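Chain lettering (A, B, C and D) follows the sequence in which the chains are written, and residue indices restart at 1 in each chain.
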Amino acid sequence: MNVNILFFASLREALGVSSESLALPANVVSTGDLRDHLAARGEPWSVLAATKNLRVAVNQQMVGLDAAIKAGDEVAFFPPVTGG
Amino acid sequence: MSVSVQEADFDVGAEIAALSAGREDVGAVASFVGLVRADKAAMEKLGDGDTAPNDATAVQAMTLEHYPGMTEKALDAIVAQAHGRWDVFGVRVIHRVGRLLPGDRIVFVAVASAHRGDAFAACEFIMDYLKTQAPFWKKEETPAGGNWVDARESDNEAAERWAPGQKSVRS
Amino acid sequence: MSVSVQEADFDVGAEIAALSAGREDVGAVASFVGLVRADKAAMEKLGDGDTAPNDATAVQAMTLEHYPGMTEKALDAIVAQAHGRWDVFGVRVIHRVGRLLPGDRIVFVAVASAHRGDAFAACEFIMDYLKTQAPFWKKEETPAGGNWVDARESDNEAAERWAPGQKSVRS
Amino acid sequence: MNVNILFFASLREALGVSSESLALPANVVSTGDLRDHLAARGEPWSVLAATKNLRVAVNQQMVGLDAAIKAGDEVAFFPPVTGG
């Protein structure tokens, strides 16, 4: 199954990429699984595991790292927001 | 059109006036303008102390990044919560993105109601939730280089005041 | 010139902008505009219920009387208390007097600060104290005749929230 | 001793007067004494005793009905304020 993954702000800069489309292994079923799967690529991706208070959104809704993901989802990782 | 995310500046007086234009039931419009502070980086690092900012961390400019699509949804959801919680007639939220200079307006929130209590509470609620729920990120330019602004614990605490059962919420 | 009592209307956008003009340390301007409501008499009599106003008590106009000399002193004292209690850079209070129509602006309060918490709290404090401490009186014109607006217990309660030791005050 | 007395809003209308200068009897030494002294004139002055939550200011400062008054003071009576 394919998902579209987005990265913002300091994460985007650290990774040098703002989005990618990824075919997920069968064992990646949650946002936390996806974070771990990406972080396991090594530098610079390990920043995903090291980021304190990493935020994740699925289909533009903030969710926890235990949220389910399914084919076609848009999954975004980003640091805590600092607008306003 | 209660929520806008835009690069352009906005007209505060016109936005406030629009919330009561042609109506005779609006008794109160509470509003908020957030601006870029030159001393932001230094102040963030020192907490809310009033120590003089270090020149090396003086903010020369700030770039606001956001998550197009989600930003508008998050703001709409916050406005909907305010409507559900207080008797408000209208809400306007404007958040700028892109590169801004010290003194520039960043954000605007205004709420119209019959009574001031509802207008103030809803306006402050929207700002507190926007600060923790809406996907915007600030990167500052300082003489020492660029740096992403850290989230503040005080912003989380401000948002948590509005949780059900919190005594400190005025409504 | 932080306090004005005047018959003339005022420019909300210009007043808000003036509080941060030429400065780079203002991060927050909270403000409030109070307007004449057409349903005021009916609403006052019914408390804060949302029953439809009775036509006979619909407000056609409102005349604001004040105590010249004392008014300015009372407002200055309220502004001074706000300065003593919160970290605010500037405050602007404008209160109109004379005859006003539904939809007209009556009162304006704006507070500039580094942070939004101080700006919101000081702005709401000033409005709550103004409502109970500043010598203004409203007389409404309705189809049933003129009547002086009764003071509201809810306004006293709002002001009392700011007494020292009150848990519900956010600062 | 003389004081200048002001009346505002519904009180001013009920009394039909907005101010008067008055030579005080020796036994009138407080704002409450003055209120009672004026109310004792009968109609319409009794409104001063009948007004719920009557407010008083001496020299443009709100005070209680036990506040002292002295020669030259400006004493104002009015109903609870309703501005804003």
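Just so it is clear, a residue touches a chain if its C-beta (ideal position, glycine included) is under 8 Å from a C-beta of that chain, and two chains touch if they have at least 3 such contacts.
Every value quoted in this text rests on a predicted model; they were computed, and no experiment measured them.
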item	value
Joint neighbours of chain D and chain C, given as chain labels	none
Rounded Å distance, chain B centre to chain C centre (Cα mean)	22
Interchain centroid distance [CA atoms averaged], chain A/chain D, Å	72
Centre-of-Cα separation between chain D and chain B, whole angstrom	48
Chain A and chain B, separation of their C-alpha mean positions in angstrom	26
Multi-chain contact sites of chain D, meaning residues that touch two or more partners	84
Shared-contact residues (touching 2 or more other chains) in chain C	34, 116, 127
Touch-based graph of the chains, sorted into line, ring, star, complete or other	line
Touching pairs among all chains present in the structure	A-B, B-C, C-D
Chain A to chain B touching residues, read off their complex	6, 8-10, 12-13, 53, 57, 60-62, 76, 78-84
Of all residues in chain B, those that touch chain A in their complex	34, 64-67, 69-70, 73-74, 95, 106-107, 127, 130-139, 148-152, 155
Chain C contact footprint on chain B (complex, rising order)	11-14, 16-17, 20, 22-40, 43, 48, 50, 87, 102-103, 114-117, 119-120, 123-124, 127, 154, 158, 161, 167-168, 170
